[in-house]
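Look for chain A in each of the two complexes below; its partner is chain B in the first and chain C in the second.
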Partner chain A sequence: MSALAITGMGVVSPTGQSPDQHWSSVMEGRSGIRPIGRFDAASYPVRVAGQVEDYVARGSMPSRFIRETDRFTQMGLSAADAALQDAALDPAELPEYAVAVVTASSSGGTEFGQKEMERLYQHGPSWVSPYQSIAWFYAATSGQISIRHGAKGPAGVLCAEQAGGLDAVALARRLVRDEVKAAVVGGTDASLCPYGLTAQLTSRRLSTVNEPERAYRPFDASASGYVPGEGGAMLIVESVDEARRRGARIHGTVLGHAAGFDPAPWTGRPSALRRTMERALDDAGIGPRDVDVVFADGMAVPADDADEAAAIGQVFGGGGVAVTVPKALTGRLHAGGGGLDLVTALLAMRHGRVPHTAATTDVPGSYDLDLVLDEPRRHPIRHALVLARGHGGFVSAVVLGA
Partner chain B sequence: MRRAVITGMGVLAPGGVGRDAFWKLLAAGQSATRALTVFDPAPFRSQLSAEVDFDPRAAGLTERETRRMDRAAQFAVVCTREALTDSGLDLSRVDPSRVGVSLGSAVGCTTSLEEEYRVLSDEGRQWLVDHTYGVPHLYGYMVPSTLAVEVAWQAGAEGPVHLVSTGCTSGLDAVGTGARLIEENAADIVLAGATEAPLSPITYACFDAIKATSANNDDPEHASRPFDARRDGIVLGEGAAVLVLEEESRARARGARIQAELVGYGQRNNAFHMTGLRPDGREMAEAIRVALREARLDPTAVDHINAHGSGTKQNDRHETAAFKDSLGDHARRVPISSIKSMIGHSLGAIGSIELAACVLALEHQVVPPTANLRVPDPECDLDYVPLEARDHRMDVILSVGSGFGGFQSAVLLAAPGTVRP
Partner chain C sequence: MPEPATGVFTLEDLRSMLRVDDADELTESTVDKEFEYLGYDSLAKYELISQLVRRHGIQISEETMVHLHTPRQAIDHINSLLAAASDNAVRS
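Then we have the complex of A and B:
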């Protein structure tokens, strides 16, 4: 089987709206976590979030797409546009069913939905937008990307909260192997409206520290939970053979994937983290020593951090691999997180720099973790392992190579 | 090559709880659609529904489970239990990391999200909703993946688990994707199916706004009329179905009763319009061809088609064209039916419920009818098996779906041992 090449990247993130902007923010430790600006958050215990503050969809796409869509889909469309441009790929120039679209979705068009429910209850059914059904549902982004770019291959939508973005790449890999030439794949989320934030609060994993630079500190002794964010990334994937044939620039390759699921909390059984990482390495045909960096999930909830540190130690040996959590600069992007971590990892490989975990300063010795702190670390990266955990027990891991 | 077979089934559909009641309804050609009762329908254009008479306690859920789970999750868990029992699997003898879940749903936990919204926003009065009243499971309602979590917990699955949410084709895509997990050796057993409990005011408002639902409120029992010249839209329904997919050699080794084999799956997108369909059915036809190619079957091998048949004019013409395009002359000979005429359209769940119906049709060698089809639409000129079930010799059944977002899916099921050695 020909390896899967990543030939396009599009980013809409609190750290920037292009891979380059995002990478310079990551290198400089410049955070996109700021006081919430989309509504007055004064009455909520969480008042900071990773936001794409200067995001403007209008002007970059036909206005009907704007009217029909929630912000999460607009961000997905923008990122898909950029990724296709980066890959110099136009689905319209390929055979009719040659391009697939696969997105991860974590909570759909939350803000659009809240507005329309407000109309329903304040004014009645006839006030509800005719676009509510297609803006709110989880498949909105895949459907709109397919229309915008004439992509008539299979269209997938996977939901596994934060783990969904990596699972989507695995599904795209299967489709490229079996039936299409290329796939647009990734995810976005934008649930920073009052109802979206309120729902997230009930996960009891959100940080109530409201100083932006101290709120989200994965693997820190004073970790206080995570900060929510919005945005994500889209990738273009195709077979290495196809990419070489058309002379595309290959940002990196997907070599392995595995997914697992944590047993129910009351069973006392161990997490699926270790096994999932090992299976992803097996799938890639490499061993732990071939991996130069792990992009960890980094929930910043002490029990979760301890679990994850232990699993990484079991696979790679205590302190045996450089570990980083660049999402400390964006907050957790849910469906958007997996794709953005892949972009960061690809850029890290290109530049030979392991990003630092900017907000973390004090890693407990018991974690036995080589977490890259303070500044990026110069180091050639042969392979990177990207790990993600989704609410409820989802675990997904992707191995990237040059 | 690894293949997926069906060794267990659980189904919850309007008109009666469980597999036997479900088949009885279909074979009798009886409609379970009725006037909407779950909330006051007065302000809505469409006041029809196909509801499941479901009592969570009688179905075996504890008080704690009932409080935690959205109705869609309750359906899925009850179906999972029924499917596991039906399969005869002893999960204590299975490696949990080889058990996966591929569940479908179009709108997730919408009903609970809306109920909680009403409280937190004081009936829509407060944009800044009151977070202090947020129930502990609210985030679980916001992320539809929770439905897959509940099924995974129920089955003790620790392998690949996900929710598929491709609108109204979710129920076909979840099963198709679940079979792939077995084929590519990521799992040996997959709980694959779909669930939906969308009967809430916001759902009705959504469909009212685009006039996709039937307003035939004076005649609820005959409101869902696919392929009939007088049809005027969808009747919203609810329900779930979960199948136990198992790797074939494993199923044979343990002497499991193989109920059907999954022999083909294809999916395409029309890249045309989020809710509109081109009348030529081109992309659905292609999805059918992809499924036939995978199964290495000629169009003439299809013995019955379970149609999407949602009861909208554009759908009925779209898929009639798709059948002609993909099956050629054989389209005129193959009996086609839409069970949505009896159990309504349960959005993401319906694809799996219809696959359950296909398994039962194979078992009984009976094609369920298209109920309420009395005045044929002259533009829909195929054999839609009106009103009465038909005895029919069948080895292979094609089931198709079409949904908002442009999704077009096709799944081929075969009676055990008929397509492959």
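Then we have the complex of A and C:
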């Protein structure tokens, strides 16, 4: 498959609302994890989250997009606007069906849905906004981006929890190969409302440590689970040929992808992580030695961390590759996480810096992992491998090149 | 500039029911444009129908709503229903 160029990036993240802001936060280890401020979380076991505290949709898009959408879609619209601007691409100037939109969503419009359910039970059915019928929906963000920018090519949504953001890129890559000139691709989630948080609690992987700086420590001996976050990122992708033809700046290329699914835990069979990484490298036509950094999933649940460290060791050899989990600064953004990790990896390649995993200090020796700690590591990056595991068994891997 | 829509039920009321915030969206100068042209879909009309029941106790059928093509037509129709309702109230 010919290489896919990434020519636009847009970010709405607890670490900043542009790729540059996000990158400075990552370099300085500035966390966006704080006590939950969007509602009173005192009675919940989880009280900290990665929040985009100063995000305001109003004024940045026509009000109809705001009244018809949940926060996750508004964040997706903002990130898509920025990515299109960054790529200097206007879908309305291209042939009618030339631009696809593929997003990932994990929670759908939970906050919008919760407000409307409150109105239903407090007042009655005539009080429920008819936009509830579309705002809750996983595909709402793809649809609204398509409407806002006149991108009438194929549109779809991937629901694979944290793995969805990477799987979306794989689908966009096939669409660019087969039928469209470009795609808006990425994901967002924003379910930091009582209903959304309660639903997430069922995963039993959330950290109940309530000090923001200690709550989410991937691969640490004191790992206590993960912290949820909101936001995500959008990318513009097109063929390398098309990007060169129109003189677009290429931030990096997608060289390979693979997806897998973990066996049921009681079977005792190993995670699909190792094979998924190997298949992604095969797809990219490179070997483990060509990879300079792995952006690990970093669930921060000891059993999951051990699994992932073992799989990385099997592919790259013990301590054989630099590993990092910059999402320790944002919490897990679910469907938004894959896209944001890709942005971080692209910026790491540009700057020749491997970000450190800011919250982690003590990695068990048994992990045999070269986790970058304390400060960013100066290192040229030819290829980066980005991993994501989604709740329920989803596994996805993307190989990026310069 | 078209004539302003007149009556008890005003353009401002319609803007509020459709949850319009932008100053340049749904103004006196676009009051005769078609709803679809202005970006209001069937869901927007559905919202209007339920808010009229809720706030004013008047019922517009979905069939009638389909034939109200512009904000002015909607405002005029709503005003005629409100006038009829207040006549009934006076008589009873």
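Simple rule for what comes next: the second predicted complex is superposed on the first by the 401 of 402 C-alpha atoms of A that agree within 3 Å, B and C clash if a C-alpha of one lies under 4 Å from a C-alpha of the other, contacts with A are read in each partner's own complex, and residues count from 1 in each chain.
Here is the rule we use: contacts are C-beta pairs under 8 Å (C-beta built on N, C-alpha and C of every residue); 3 or more make two chains touch, one makes a residue touch a chain.
Note that the structure is a prediction, hence the values are computed from the model and not measured.
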item	value
Which of chain B and chain C A:Gly392 touches, first, second, both or neither	first
First (chain B), second (chain C), both or neither touched by A:Leu281	neither
Touching partner for A:Asp40 - first (chain B), second (chain C), both, neither	first
Partner chain in contact with A:Ala272 - chain B first, chain C second, else both or neither	first
Chain B versus chain C as contact partner of A:Ser129, first or second or both or neither	both
Touched partner set for A:Arg58, first chain B, second chain C, both or neither	second
Partner chain(s) touched by A:Asp167 [first = chain B, second = chain C, both, neither]	first
Touched partner set for A:Leu371, first chain B, second chain C, both or neither	neither
Partner chain in contact with A:Ala348 - chain B first, chain C second, else both or neither	neither
Contact breadth on chain A, by residue count: chain C or chain B	B
Footprint overlap on chain A, comparing chain B with chain C	68, 126, 128-130, 133-134
Touching residues on chain A, where the partner in the complex is chain B	39-40, 43-45, 68, 96-97, 101, 105-108, 110, 113-114, 116-122, 124-126, 128-130, 132-134, 136-140, 142-144, 146-147, 149-161, 164, 167, 171, 174, 179, 191, 194-204, 258-264, 267, 269, 272, 275, 334, 390-394
Touch list for chain B against partner chain A, complex	43-45, 96-97, 100-101, 106-108, 113-114, 117-118, 120-121, 123-125, 127-131, 134-146, 148-149, 152-153, 156-167, 173, 177, 180, 184, 186, 201-202, 204-210, 267-275, 283, 286, 290, 403-407
Chain A-touching residues of chain C, taken from the complex the two chains share	19-22, 25, 39-40, 43-44, 46-47, 50, 53-54
Chain C contact footprint on chain A (complex, rising order)	58, 62-64, 66-68, 126-131, 133-134
